[in-house]
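Working notes, beginning with the structure itself.
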């Protein structure tokens, strides 16, 4: 248990890098998307400007205490996920606070921010917020099924839930990555990731014009900036999670950036291609194909040795 | 000591003497009659006490001065003394009860009455077959006469049918007797028994005729239409006599005469008894007429005793106790019920709610009903327990099963009746017909009620494992019951809490050192005290609440402290009864309490059934026997598991729970949900620990059941609009987790199970207390009618939020401990797919957690809730105590889990989890440091909060309609609150999973049973001739089955 | 004033009585109870290099409320097409006023729409800007004598930039944004404060023309 | 199926059940154990030469008491619910006219019948007969009276008194048997057994027979009376 | 004839009992049912008497000296039948009384009309 200041500062530095990488990645992806549409897209530095602008706004409205704390919860969720997962494989400095738990902790900690955000958004008393949340939760529940199956398949395969052990097992060449050693689990996991990332086609949660962007509909200025900070972090962290699980983790920052970009890109890429799905359809979809693949993956992992 | 012959002389002399009065001096006559009955009671009573003292031995009374077999002799032994005493007592009280009726009817009726009682005495005492016949006939004719006390046409019809039926069977009896005489040359029963009458074909026929007729006197199903009509048409006072006194005498006669037919005949008597017990009770389920229903029940109960009589060779030394316990129970309870019926004077059971205006009668009524069903502490409980134990020990499993089925069928209508009495509206003019002004009507009822309790107490020494200490809490409850109507709820609450605390203090040493028991004991007792605290918020007297609550907790404590199956079952039934009374207190709880009770009773019987095998294994009732079952272990363990699962509301057996918990009073719900359900878990744990290798398959199946229960419970909760029902379904889901966890039978699984048990106890207590308080405050159960209450009840919100986070299993709160253990356990056990279902259920839990938080506390505040205040401290204090518990568990999980881990290792569940000194828990798969997680999250939270406050300026507080509403403004809070059908999308996608298939399954089952019962009871066509024909058919069928070979 | 308000008070805004669960009667005055009655205050405008940086950030991140009021709204959608692509200038569309800074009043403003426009504008966080599109917003344009449209927008809401024309093409809009950016960068983008400071005047004007006011004086 | 046919089938089945009993009956080759005992010791035990009477009155005295009780019960019950209250009663209802022969003969015959009954009653312990038989004969006298005059009124008070007295006396004799003799309930050794064959012999047996007869006679008469009177209801 | 007297009487008893039973169960008229019942009890009584028959026996009455003059029939069934007859009589009387009373109510002797109580 290392609670020293140095550890803290290293983690803070890691967080800072991740935050900026997340922002950069998001503008890059937007530009990629714009290019697909034949546009130029936002400048690369747009996310930073937006963040600065949001902090520069002079109106702070509060619907209640939970409304205020909601974004805090959300960011704690994102930061916590970051802290509970090692950044760089094999590096003591960049291991964060991953000693306090492993994959299971992370899976459940995902929901921590969600619940906090949900409560905050609810406290804004806008029905649109709660409509968005209800959709998000339903979709999340369905996504968790293939996700869990994938995780279990991996846990069976590697006989561990520890990130380090899972990454360690994938060292020594591309072919040792889970995506190759356990393709079915990886497919299930990656399909689940599409839902977890909430990109199109699974973004009805934030349908902009139907329920003016859903849960954060009442959030503005500094609150929104906190949420945006979180989304920058969490996209990277989520990508890193899948990277660690399926793509061998990262032993250098370069690999980290390349791989998270790649993983994140997959979800954006799918989003560019497919239109939005209704919630009941996405629930059905997740409980159908990814789940089927996941079950096969588990069975294969368990009984086909 | 006055000779028993004086009973006859006195009664007859008196009866003849009353003839002198002609039609005059009726009052004096009644007093004379009562004095006579009292004297008869005294005579038999002195004999009984002498026999109990052991100061006398069995007496033979010779008439005419000649020794038997040359003259008629009577016998007075312990049994005879007891039976005559019962009969005379019922006669005396019945006579007292019928005082006015008899007075009105005249001296002739009184003579008939006293002769009836006298004849029953002789029936019991005589040892001469023909003499028996004569006095049976006297009894029949006297009964036929008494049926007419009210001189109604219906009574006349019933009387005629009765006469025809008894006429036919007595003729056949006579044939049997005379041929028995012809074969043996003797009429003395002992001599005939000694002569092996059944040795020849013809002798067997004679014996058959004698026995079958005496069986028919007991009105066996289905040849008993004539008897039922009597019960329905006669004055209830007479019904009491027929059921209690005549029934008792007839049973004794059967017992006396049965050996004539030889050993081989006993099984048929068992069959007759069981068929009667099951059939009569089953048909009774369709009956709405109170007296006729009592008739069905009487016949059923007598059938049970007939079966017991047939089981005499099997039951051995326990026979006398079992038979006597069942008889005395039947006599006291049934007489009491008939008398109440006479006071109530309502034919339809749904009108019996008028009882509520007379608490003493109501309590007596409840005592009688629960005694009849076989609840503790009444004698039939002891009797049935011992009966089932002995039956299974002697490999009579089918008989035991049928007896339990019959008991259950009896429960079906009895509890419907109780529900009607407790919950139906009291019609305004209902009390007019009440006839309880006279002490002589009420007093016998109350005496019976006291007697049946006393008889229960006296049963203790006869049952293996029964201790008088079990009655200590009951005495306290009776005390509370006595002060119930006088004191305000606050005082009673204080007394109850003090009593429970003291009881806990006293009982704790018994289980000290047994960690598993200590945990459950803690949950039950501390939980009990905590859940009683919200009662301080209630005004008024709350009559009936405290005895019921304490009854439940006494039962729970007994379950834990018991070291044998009897004590366990005793506690189990107490708990069931107590919780039933608690649940039925809810406004709309009638149907739900009913289904709760039916499931509970069925479950309890399954448990009893299973315990029988344990008893069989070691020959005593110690709980160790559970591990030794060799006879049909799968069946036994399955029965036990299903029995316990009725209480944990596992899939398929859950349909009672949502209504029962949802509609219960606000402070009852936490008791029955957070605390009570754990009894089932305790039972299952106890069972699993003892199953050994036999249980593999069961555990595997239960694992699946648990997983689907969790999914179904949580999914249903998600689609609920009723706040308390949502919590109730959530309980089903949580109990599904627990079932799944402990079915794994590994250290991790059990540790997860214990974590869930503790967590569920804490958070569900909080939720039900607080939400219950909110439901009361807002005046609605519907979530969508609430909203925005966070500003009114911030403390309540925090409590619910903490509870919900715990429930959802989010780190850093203790709920995550369960999830973490779960993952490890699932992988190590290899139950992957089941595990995934459970995890899916877990994410669904998240949804209803949100729905509840949002619908109650967020969104739009409704207009009529503007003046609401924070909940009463009586609710918040226990809730926050529990929150402190959750917090402690969350920060220092190792403090709680490590000892349990050690316990589980010592139970040979495997040693797969290690604890580091800093709180890091490690398995081969994973590690988790709850302490560290807490520190990191709290620190991060503080920093992020600081950051947010730093970048946020002075906030402007908004009101509920200050929302960006597409440039419009909301109209009404009601239309702006998104709650109803919140997860419509999910419902469209997977809502079909929770279509009420189980409910319709059980509905179909009950409809089928009811239809069947309705069809069967068509045989009671009402035609006396047909009834006589049925008797003949019965004899023929019986003959060809028993002797046709 | 008071009388008129009563006359046009919508039924749902009338004072009503409800009974609480405990039986007591609660009086509800919707306009007072459901909405914050507080008056807005002007925010403090900073200065120095930090403020300059913030102004730059505000200018480069213009979030436009997706609310088309008149026929000019047809000119906004082309801005997100490859041809005009306003995103490259940091101009983005938002769906909720809470997250928008720029309100394009696109063409004529019916009185009915004005009410919504006021509401949306007041709900936007400051600093916020109004771009008036087309001549109708300047002097009423071809609807100058309509019974149902306003003539001069700046009587009712503070306007930062006008884009003249009927209708102006998307290019003009882009030019308008550029102009707005310049204003903001120059520290002149504080019309929101102007609105708050002259709230009385604006409200009088607004109420003069909107008969069924039916909302609180300031829509937070 | 036809109901009667069904019933016939049932009864036939019943006959099949009972057939072994019939088959086993050998037509009486020897006395039963009990019969032998009574034949050998009856006279010395009870002092009565009529063995049937000694069995009825002493050996199985309790049965007899029961029998009396049954009659008493029947009479009481019938009187209880057939009795017509005075308000509902028609005095002297018109009935079918009775032939002269009957009414005249009855006047002659009834005393004789009663006398014969009394004779049989008193000699019950010696010759065929006894309390029951005698009582029944006495009651047949009553029946004849009713046939001759349907409006005949029985004096219920007297009947009740006789009935009750004889009943109580019967019981009292029984109790005295217990109290005074070591014999037991209903022992006839209350008095000296005397010489068998004489009228005053067999202990209390004649006395019992008399009470029995009185009781049976009055009760049967009573039943008849009630049946007849019940026709008087409006 | 003497040889089979016992059996003959016994057979008559059984036949009467069965016939009585048949009458009781098949007749709608309650009076006829009671007649059936009477026949039934009579049959049973005859059976009882027949049981006590001993071939060549006479009435069990001793001479004055208390000696058995001849072979006796069994006195016990004779005593029992006495009781049995009286019981039959009591029951029959009661039944008749019931029927009378019922007839007063509904003016019908058909047993099928008295089905107010059922199920």
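Order of writing sets the labels: A, B, C, D and E. Residues in every chain begin at 1.
We adopt the following convention: a residue touches a chain if its C-beta (ideal position, glycine included) is under 8 Å from a C-beta of that chain, and two chains touch if they have at least 3 such contacts.
Values in this document were obtained by computation on a predicted structure and should not be read as measured data.
Q: If you apply the touch rule, which chains end up adjacent to both chain B and chain E?
A: Output, common partners of chain B and chain E: D.
Q: Going chain by chain, each one touching the next, work out the least steps from chain C to chain D.
A: The fewest touching-chain steps linking chain C to chain D number 2.
Q: Report the chain closest to the protein's overall CA mean, measuring from each chain's own CA mean.
A: Taking the mean of C-alpha atoms per chain, the most central one is B.
Q: What chain lies farthest away from chain D once each centre is taken as the mean of the Cα atoms?
A: C
Q: Among all other chains, pick the one whose mean CA position is farthest from the mean CA position of chain E.
A: C
Q: Cα centroid separation between chain A and chain D, in whole Å?
A: Taking the average C-alpha coordinate of chain A and of chain D, the gap between them is 106 Å.
Q: What's the distance between the Cα centroids of chain C and chain E, rounded to whole Å?
A: 112
Q: Starting from the mean Cα coordinates of chain B and chain C, work out the distance between those two points in Å.
A: The mean C-alpha positions of chain B and chain C differ by 70 Å.
Q: Based only on mean CA positions, could you tell me how far chain A sits from chain C in angstrom?
A: Computed value for the inter-centroid distance: 36 Å.
Q: Where does chain C touch two or more other chains at once, residue-wise?
A: In chain C, residues 96, 98, 220 touch at least two other chains, as defined above.
Q: Pull out every residue in chain E that's touching 2 or more other chains.
A: In chain E, the residues touching two or more other chains are 17, 21, 25, 51, 76, 80, 83, 87, 90-91, 94, 101.
Q: Would you give the residues of chain D that are in contact with at least 2 other chains, written as numbers and ranges?
A: As it turns out, chain D has residues touching two or more other chains at 7, 10-11, 14, 18, 25, 32, 34-35, 38, 59-60, 63, 66-67, 70, 73-74, 77, 81.
Q: Got a list of which chains touch which?
A: The set of touching chain pairs is A-B, A-C, B-C, B-D, B-E, D-E.
Q: Residue numbers of chain E touching chain B in their complex, please.
A: Of all residues in chain E, those touching chain B are 17, 21, 24-25, 28, 30, 33, 37, 40-41, 44, 47-48, 51, 76-77, 80, 83-84, 87, 90-91, 94-95, 98-99, 101-102, 105-106, 111-112, 114-119.
Q: Write out the stretch or stretches of chain C touching chain B in their complex.
A: Touching chain B: residues 12, 16, 18-22, 24, 26, 28, 33-36, 38, 67, 96-98, 116-117, 119-120, 123, 215, 219-220 of chain C.
Q: Can you tell me which positions in chain B touch chain C when the two form their complex?
A: Residue list for chain B touching chain C: 777-780, 863-868, 956-962, 964, 967-973.
Q: In their complex, what parts of chain E are in touch with chain D?
A: 3-7, 10-11, 14, 17-18, 21-22, 25-26, 50-55, 57, 59-66, 68, 72-76, 78-80, 82-83, 86-87, 89-91, 93-94, 96-97, 100-101, 104
Q: Taking the complex as given, what residues does chain B use to touch chain E?
A: 130, 134, 137, 141, 144-145, 153-154, 156-160, 163-164, 166-168, 170-171, 174-175, 178-179, 181-182, 187, 225, 228-229, 232-233, 286-287, 1017-1018, 1020-1025, 1028-1029, 1032
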